[in-house]
Every structure is written in C-alpha cells, then in structure tokens.
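What follows is chain A paired twice: with chain B in the first complex and chain C in the second.
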Partner chain A sequence: MQKGEMYVGWSTKEEVRKRGGSGGLVTSMLAAALEKKLVDAVVVLKKINEFEAVPIITSDVNEVLNSAGSLHSVPSHFAKLIANRNLKVALPAKGCDVRGIIEQGKRNAINLDNTFIVGLNCGGSMHPVVTREMLEVMYKIKPEDVHGEEIEKGKLIFETKDGKEHAITIDELEEKGFGRRESCRYCTIKVPNNSDIACGNWGVTGDLVGKATFVEINSEKGAKLLQNAIDAGYVQVQKPDDKGIAMRGKIKGVMEELGKKWKGKIFVPIETGRLEYFRKELEHCIDCGACKTVCPTCSCGDISKCTQYHSRGDAYKMSMYHLVRFLHLADACIGCGQCSDVCPVDIPLTRLYRRFANPVQEQLKYEPGMDMQKPPYFEVKLNE
Partner chain B sequence: MTDNVYSTICPGCNFGCGLYIRENGALEVDFRKSSPANAGKLCRFGMSLPKIFAPIRPMVDGKETTLEEAAKEAAKRISASKGSVGFLSLGNTTSEELLAIQKIAESSLYTGMVAGLPEDTYQTLNIGIPYSEIEAAKHIVLFMDPYEQYPLIVRRLLFAKNKGAKISAVWWKDLPLADENIRPLDVSKLALSKDSLIIADYNPLSDTEQVKSVLALAKNAGARITFLKPFANSTGAYLMAKGIKQKSISQLVEDINNGAIKTLFCLESDPSALFPSETLAKLSNLIIQAGQQPSSKANIVIANEPLYKKKGTLINNEGRAQSLGCAGTDGLDALGIIAGAKFDFDTLNESVKKAIGITTVDEFTIPKYDRPAYGAIQASIKSLDTKTALVSVYNPFMWSGLADDNDFVELNQRSVQALKLMKGATVKISSNGSAIEKKFRVAPVQDNILLAGKRFGIEKGIITPVELSR
Partner chain C sequence: MSAEALATSATQTNAWEPKIIAFCCNWCSYGGADSAGMGRFQQPASARIIRVMCSGRIDPLHVFNAFLEGADAVLVTGCHIGDCHYVNGNDKTKIKYKYLENVVHELGIEKERLQLNWISASEGEKFANFIRDVTAQIKKLGPSPLKPEGVA
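Take a look at the complex of A and B:
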C-alpha cells in the first residue's frame, strides 16, 4: 500500500459497520491502531445525543468502537485538544481539524510524526442550537424525535423515530439562515488530502452506498494505518470502480465551486469606512478571550503579543488585542469558524479575520494547514 | 487513559451557562455548544473557571484535616453555640443541598432575599422570563450594565435589536447597544408602554427603594419586568425556600454587629463579598462549606467537591431546570454530619422536582410558573446625597471574590480635564478618611461618577460618596 492509492472498505464488525457514518472503516481503523499499539491513545467524540458529543482522548478500544457515526451538528475542533501533550495518537479529522493540527505541528506544539490523522471529507457542519431551531421551524419536527440524519444529493434528510424521512434542500435552508455554519459554506477543503488518509462516502457506488467508506492514502502513515487495520482483521477493502473515482472528483469540484460562490457573496469588498466597519463589529466585545483560547492555529500560552499589548484599562476605539490578532492571524487563519462559534456577543469573528487573511494568503500564495510550507510571517526579513 | 470530562453549569451567575470542565492535569474549559442558555458561549468569568476551581483543603483552625473531621468539628461547635448560630446560603449550589440546609437551619436561615419588599412581588423578583421572550421584545429597558454584570444577555439583546427592538438604558454610562441612554437620576425622562420590557438586576445587596422604584415603574406603565440574578441557583434557592422563614443580608449584618449571631455557617457562599471585614471579625466562629476557595478566612473549611463534580439540580433565571452531569454528593454527606442525619439524594431530588411541578428535568423545556401581578407600590426616586460617588458594578468576579484584570475606575473626559489627570497616571479617591489611588479609563460615564468592577476596600455598599483629586 502506498500514497496515492484508493480503496473502498468497511468494518468487519457488523455493529460498527451499521452505526458508522458510511462503513465504519474509520472507527475500525482507529480501534485497530490502538489495539495493535500503533498509538497510545485515540481521540473520538463521545456521543450524548444527535446534537451533542464531547471529544475525549482515550485508550479504551470499546470507547473507540462506540464512537462510530458522523455527527454533523457537532462543530468541535481537535487540534488544541492534543496540543502540548506529547501523545502518540490517532484521530478522525475534518479538513479544518487537519489544518489546525498541521499548524500546531509547525509551531512545535504537536509532533506530527506521532500523530496519525484520519481525514474526513467534509461538506460542512452545523451549530447544534441552530439545528434544533431549524428542526422546529423548517422541518416541523421535535429535535428529540430525530433518530438519524444524512446528506444526499444536496438535501439534508432527518429520519425520525417513526421511520419517516424529512428532506429539505441545503440551499433553501441556508437561504433562510439555517444550515451550515457560515465558515463551512466557503471552506475550500472538501477532501482532506493534507491528512494521512482521506475518508468519505463520496465515490462509493452501487450496493455499497451507505455501507462502505471511500479512502485515499495520502502518506506512509496513512498506508500503515490501513494495512494495520486489515492485518488485525478489523477492516476489509477492495479497489474502487472508475465510475466511483470520477464521481468523487466531480462532487469535490462542484462543492469547491459552490464554496467560491459563497466566498464572493460574503466578502463583498468594503470600499469606504473600513476602520469604522471593524470598529462597529467589535463594539460589543467583552474581552473574554475565548476567541484566542479556541483558535486552533494560535499556539501562544497566557503570555502572547495580543494580550501583552492590551490592557482592559485602555480606551482605544479598537483594542490592541484585536489589532494584533488581525495581523497575527492574517497568514495563519484557516477559517475554521471556531472563534465565531464561541464569541459570547456573537461577533462574526471568522468573517473579520478572513477579511485580513483572504488577500494576504492569496498574495503570498500560502494556504495554512495544507502542507508543511513555513508560514510567511515566520520569515519576514527586515531591511537594514 | 480516558479524559475526565464533566458537563456542568457555570457558577458565575444565574444565567445557566452550560460548559464542560476537562481534568487533564490542569483544568480546562471546553465549550458545550448544545447548551440552551448560552449555545456554549462563556463570558470572562466562565473562561476563568479553571482558576476558581483550584483545589481546596478541609481545615480546622488553620490545620489541614479530612472532610469528615472538618464537618464533625463544625457540628460540635454549632451545637455548642446553639441559639447564636446563623446559616447563610445564597444559592450557589444544588437545590438538593439547599433543601438539606433548610432542615438544619430551621429559623436562622439567611438568604439573598432583600428586606422590605412586598411579598406579592417575590415571584416577579425571583423567576425571570425565558430569554426567547427577551429576544422577541419590542422595547427593552435596562437598569444594569449587561456587558459587565450579565454578559451572556448581550447577544439576546442584540438579537432583539436586529429584529427592530428599541433599547433604552437607564445607567451611569452610555451603553454601546442602547438606542437611548438615560441617567438613573433622570429616570423621569423614560417613556414606557405596554410593549416595554424592563430588565433589572436583583441581588442580595440591592437597595430596597431602588428595587421598589423599578417595580413601580413597570406596574404604572403596564410594562413587563424581569430580573437577572447572581449565583448559579438563585432561582432554585427562592423556589426551594418558598414559604420558609428567611432573613436578609442586612439583617445578618445587624445580628452579627449586635452579638445575636456568633457562629456563622456559610454554604457555598462567600461572606466577604457581602459585608465589611469589621463585621466578620466579630464572629467567634466562621464555618465555610465550599468547593472553591473562599476569600474569607474561616475557622473551619469544609472542602467538598467543586460544583462541576456535584450531582443535583440548578434552576436558572428563566426557571429552566438543569441537571449537573456528575455524581458527587459529598456536600450533602457533610451536611448530613452537621444535621446528625443522613440526607438521601434521590428523596431530595424528588422534592426538588415536586417544588417545580415537573417529573423529569429536561433542560430544553422551561416549566410553567405562575406570574401573579403585584399590587401598587409606593416608591420615590432617591437623589444622590453626595456630589461625587463611586459606584460598584457587581459582576461575577466580585461575588466570588476572584481578582479580575480590572484594577481601574471609569470616569468621563470632563472629569479627567477638571482634575487635570495625566494620561497613564492615577486618580486619588478618598472616602471617610481613607484614600486610594487608582488608574483610570475614560468612558462615557455620568459627570461626578466613578464606576468600578472591583472592590477596593473603601466601599460603603453599592454607592460610596467620595472625593477626587489628582
């Protein structure tokens, strides 16, 4: 097995295959890595209900096996969770998780050689509070009655406990302000080829639809993970058909185009009053620091430029904290949306950070978290 | 290795913000995005919880001991000083523990209630309306600083504003989210209607006349009124103690000062946030049962588990009942030692649910509460009987005695110029012979008013007459 190869595979454990997002392969691969001591720990989401799960770091194989399934309303992020812990770990990772982990790696907070990243294709995630409201307002169903959910042909489908399916197109939901988080709409990473192995349901065809996972090996570590799972008897694979490979490429292309459209729609250039725009947006900031704590590309501890230059006693029109962060994240922001998610006064922070990051990253031809390229700001040379 | 992750509620105020605490060597906060009150968002205080939950040790007279021994010693001293023991509980713990302490305290229970308010206003004062109703309001009138005091209400207010609500603030300084800023002494300029919703702060140090006057304003205009409160379970404390004899904090200060109370038992309540150290010094025994470090020096510290490890029910401002996601009952066990009886969690939990009229605790459904109208109230607006005043803006850090990064006062540009204060220098604040020097921040505050989110030690209640100089 080697980099570039693609497979369609599934878990050999019936229960895991049934509960898995597509074929339970990810879960089985993680469990096998733990069982065969490829790693000491695995990160998984411990499910509480359809709309809530909490990430845990575990060495318990059963805990891993129990975690099968995709939770689209759990916009968690794993990079900070494993940072500065010196773990030998395997974990599932949406594109933004992978990007955050790689950026932490560049800052020496994660040892990437000891981190096995199982990438998940990602069309987007939703905020659980928004999902609950959407179920009541748009679908007219009680969140508690939801039994499962899937995305098919541009529709978000909820299955209720009575076995009925309720489908609405994602376009319609998003037009009404529901659906995916804003950052997910313009996110550019749909197939995480920056991970060790990219997994998803796109490209699975025929009878296997819903029962198998499509994987693409991106690195030696990825090959090792999959081979280990096969050797351990946890996973079975076969070669994908050409139709599947083509389909996967096509959907990826369509999703990327859609992302670009959203990007154009959201980032309408601000012709005049730029400073006033940012000042207004930040006016309600209560200085909680959550946006820094949560940011997966920030690896500063308590002592950092954004906090050291800032004092709560200052009365600047825009705080030094934000000014420093806008500059500091211009090359580093991966657009994961975590800062907007946690801001207690609902400032659309990701949008603000991207206003700085989009032009800077385009001009410097640098996409953080996609590969090991050094952040350009690490290399700024000062003139004599 | 499996992480210990606890699903819990922030003890900073009665907003009911859900979060996870992760024990990973050091404590970490993790965002519980599905939490109904806060969508996982937390204010400065919520983000500081790892500091608050620093481990504490059981102590008797400065010597470390076990939880059980500390509780036994407390029981001994309480029975030895029978007749002069007071029990203080502000509602910073589970409803189950609050029921237990009532049984111990009998008639000497001091709570966060404010003396001198008509009984028919209690329900209005203590059970707020759902946040969704705030979001749907057409005219919102604030009698507090939401940014400083109850930060998680800000996004609800902005939501209402985006939907067209007008926001009026009756406050000492201009608030960025307000369409109209009225100073407290000019409250007669405020126009209210049936569409207005007043949001005010109600806490153990609230001024009786001030509370009466906002109640009267709402009553006379036919407007709705709701209160926000400090402490994780203030609403639960009210509901659990309904119909039980309780005394106010002002009464407690009086009782300690005149020697009627010599031993004070505090359940998850820090007395130094409430009254002067001179008063505390008069006690012969201060016993604190808590899961977080009290800032008062106690003779006995009964260190039970921190809130995030407890089992039990909390009720937030909206009346929403939420279960703490953990299993700890050692607080109840310690109360059992003091009572000389064992408290059974399940029995108490049943009584809690009965008191709210529910059969299961579901955080997504707010139980129905009576919202009886209250009668006419006589109130007069007090004028400030001083030229210059320091106003303490009580926030979660102050209630829990935790230092925040705010060692400064706010005052306006005109005052800075009049006093010829230098940029980056300090302002001298004197009151009754004592003087302090503080850094200052220029803000759109009323003339001759200083605002502070921290106690400096010269305060005489919420409003302190002061003199300023360079």
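Take a look at the complex of A and C:
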C-alpha cells in the first residue's frame, strides 16, 4: 500500500459497521492502531446526545469502537487538545482539524511524526444551538425527540424516536439562516488530502452506499494505518470502481466551487465605513479571551502579546487586543469558525478575521495548514 | 457663514498641524533627520521621532499604539535594503510592513497615514522632503479617525 492509492472499505465488526457514518472503517482503523500499539492513544468524540459530545483522549479500545458515527452538530476542534502533550496518537479529523494540527506542528507543539491523522471528508458542520432552534422553527420537531441525523443528496434528514424521517434541503435551511456554520459554507477543503488518509462516503457506489467508506492514502503513515487495520482483521477493503472515483472527484469539484461562491457572497468588499463596521461589530466584546483560547493555530501561552492588552482598559477607538490578533492571524487563520462559535456575545469573529486573512493569504500565496510551508512571517526574505 | 467666519475657519484648518510619529533607525534615518536639520532643509514641525536601534525592532504593535494614542500618520523608516547594521533587520521590517499595510488598509485607514521609506544617514534632504510631503497629504485628509476623543 502506498500514497495515492484508493480503496473502498468497511469494518468487519457488525455492530461498528452498522453504527458508523459509512461502514465504520474509520473507527475500526483507529481501534486497530491502538490495539496493535501503533499509537498509545486515540482521540474520539464521546456522545452525550445528538447535539453534544466531548472529545476524549483514550487508550481503551472499546471506547474507540463505541464512538462510531458522524456528529454533524458538534463543531469540535482537536488540534489544541493534543498540543503540548507529546502523544503518540491517532485521531479522526475534519479538514479544519487537519489544518490546525499541521499549524501546531509547525509551531513545535505537536510532533507530526507521531500523529496519525485520519481525515474526514467534510461538507460542513452545524452549531448545536442553531441546530436546536432550526429543529423547532423549520422542522417543527422537539430537539429531544431526535434519534438520529444524516445528510443525503443535499438534504439534512432528522429521524425522530417514532421512526419518522424529516427532510429539508440544506439550501433552503441556509436561505433561512440555519444549516451549516458560516465558515463551513466557504471552506474549500472538502477532501482532506493534507491528512494521512482521507475518508468519506463520496465515491461509494451500488450496494455499498451507506455501508462503506472511500479512502485515499495520502502518506506513508496513512498506508501503515490501513495495512495495520487489515492485518489485525478489523477492516476489509476492495478497489473502488471507476464510476466511484469519477463521482468523488466531481462532487469535490462542485463543493469547492460552491465554497468559492459563498466566499464571494459573504466577503463583498466594503468600500466605505470599514472602521465603523469593525468598531460596531466589536463594541460588545466583554474581553473574555475565549476566542484566543480556542484558536487552533495560535500556540501562544496564557500570557502573550494580545492578552497584554486584554482588559477593560483596552478602551481605544479600536480594540488593541483584536488589532494584534487581526495581524497575527493574517497568515495563520484557517477559517475554522471556532472563534465565532465560542463568543458569548455572538460577534461574527471568523468573518472579521477572514477580512484580514483573505487578502494577505492571497497576496503571499500562502494557505496555512495545507502543507509544511513555513509561515511567510518567519521567512527572512519575501519571495515576491 | 459670514465671509469673516469662513476666513477664520480656513486659517484654522491650515493652522492644524498633524501629529506624525516617525520611527527612525539609529544608524540611518535618525541620522538622516539629523542631516536634515544640519543642512537647514525646511520641514514642518509635525514629526515626532522615535529612535530605535534597527527598523527590525519596530513591532506592528508600536504602530497600532501610535495610532490609538492619536497619531495622524505613522512612518516606518530604516536603512536601505542591504545596508542594515544587523544583517537583515530591514528585510524583516519589509515582511512585517506587508502585514501591517494590509491590516491598516482593511481597517479603512487611508494609505497615506502609514508609510515606509528607506533613508540613509546622509540623505537629509530626502528626509525633509518626506516629512513635508506626508504633512501636506495628511493636512488634506484631516485628523485620523482613530484619534481618541479630546486629543488634538
């Protein structure tokens, strides 16, 4: 097995295969890595209910097997969880998780040689609070009655405890202000080829739809993970058919184009009054610091340049704290949406931070988290 | 408004002197400012010079701070590329400036309010002309929108 190869596979464990997002291959691969001591720990989401789950670092194979399934309303982020712990670890990772992990790797907070990144294709995730509201307003169902959820053919489908299915197209939901988080709409990493192995349901055809995962090996580590899982008897794979490969490529392209369209729609140039715009958006900031704490590309400690100014004394015409961060994140922001998600006063932070990051990253031709290219800020000379 | 009032308001506008913070490198532009004085090149009294040992020491934070405390313009100056006394401090300045320029622009601050210039110790006239040009540009723009209330 080597880089560039593609397979379609599934878990050999019936229970995992049934519960998995699409065949349970990811869960089984993680469990096999743990059991065969390829890694000492695995990160998975421990489900509380459809809308809540906590990421855990575990060395218990059963706990890993129990984590099978995709949670679309849990926009967690794993980079900071494993940073500065010196772990030999394997973990599932959406595109934005992968990017955060790579950026932490560049900052020497994560040893990438010891980190096995199982990438998940990602069409987007939703904010749990928005999802609950959406269920009541759009679906007219009580969040407590939801039993399961899935995305199929552009529709978001909720299954209620009475066995009924409720489907609405994602386009319609987003038109009404629900659906995926804003950052996911313009996210352009749909197949995480920056991970060790990219997994998803796009490209699975025929009888296997919903029961198997399409994987693409991106690195030696990825090949090792999959081979290990096969040798351990946890997963089975076969070659994908040409139709599946073509389909996957096509969907990826369509999703990326859609992302670009959203980007244009959200980041309409503000010709005049930009300062007023930023002032207004930031005026309710309560200086809690949560946006910095969660930011997966920041590796500064509790005391850092921005936090020096983070107090009620930061009463200038523009917040010094945010000015410092606008600058520091201009090349580093991966647009993961974590800052917006945690802000207690609902400031659309990712939108603000991307206003600065978009032009800088375009000018410097630098996409953080996609490869090991050094941040331009640390280059001695600009390659213009 | 009466003609008289118009005249006074006009002179008042003209009388307004912008506050310009000029960060100068000890080995070049600071010397340039000195040469400007010694060569008796005419320049307005708008610039406040802050001496640093190398332009590479100028943290974007210093620039933000200058604006937030009431500067109408901030100048980042240093040795010509290749002449930095600490090998490549000014190359680093160039990179930092690229970020800074973008942030200040996106924020909606006019580009004239932040400028970069390489000025050697012997270029007194260039220094004086630079301050004069920037002062004229800023006089046209008026006070910076980032200036705190109550600061002239």
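Rule of thumb we're sticking to: the second predicted complex is superposed on the first by the 374 of 384 C-alpha atoms of A that agree within 3 Å, B and C clash if a C-alpha of one lies under 4 Å from a C-alpha of the other, contacts with A are read in each partner's own complex, and residues count from 1 in each chain.
Here, contacts are C-beta pairs under 8 Å (C-beta built on N, C-alpha and C of every residue); 3 or more make two chains touch, one makes a residue touch a chain.
For clarity, every value in this text was computed on a predicted model and none was experimentally measured.
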item: When chain B and chain C are modelled together on chain A, clash or fit; value: fit
item: Partner chain(s) touched by A:247 [first = chain B, second = chain C, both, neither]; value: neither
item: Partner chain(s) touched by A:266 [first = chain B, second = chain C, both, neither]; value: neither
item: Which of chain B and chain C A:355 touches, first, second, both or neither; value: second
item: Partner chain in contact with A:323 - chain B first, chain C second, else both or neither; value: second
item: Of chain B and chain C, the chain that contacts the larger number of chain A residues; value: B
item: Touched partner set for A:305, first chain B, second chain C, both or neither; value: second
item: Contacts of A:141 with chain B and chain C, given as first, second, both or neither; value: neither
item: Chain B versus chain C as contact partner of A:59, first or second or both or neither; value: first
item: Touching partner for A:376 - first (chain B), second (chain C), both, neither; value: second
item: Shortest CA-CA distance between chain B and chain C [superposed frame, angstrom]; value: 8
item: Chain B/chain C common contact set on chain A; value: none
item: Of all residues in chain A, those that touch chain C in their complex; value: 270, 272-278, 305, 316-318, 320, 323-324, 326-327, 330-331, 355-356, 359-360, 363-364, 376-377, 379-382
item: For the chain C and chain A complex, residues of the former touching the latter; value: 60-61, 64-65, 68, 88, 91-92, 94-96, 98-100, 102-103, 106-109, 145-148
item: Chain A-facing residues of chain B, complex; value: 1-3, 5, 7, 20, 24, 29-34, 36, 38-44, 46-47, 147, 151-152, 154-155, 158-159, 176-177, 364, 405-408, 439-443
item: Contact set on chain A toward chain B in their complex; value: 40-41, 46, 48, 51-52, 54-60, 63, 73-75, 85, 127-129, 132, 143-144, 283-284, 286-290, 293-294, 312-315, 341-346
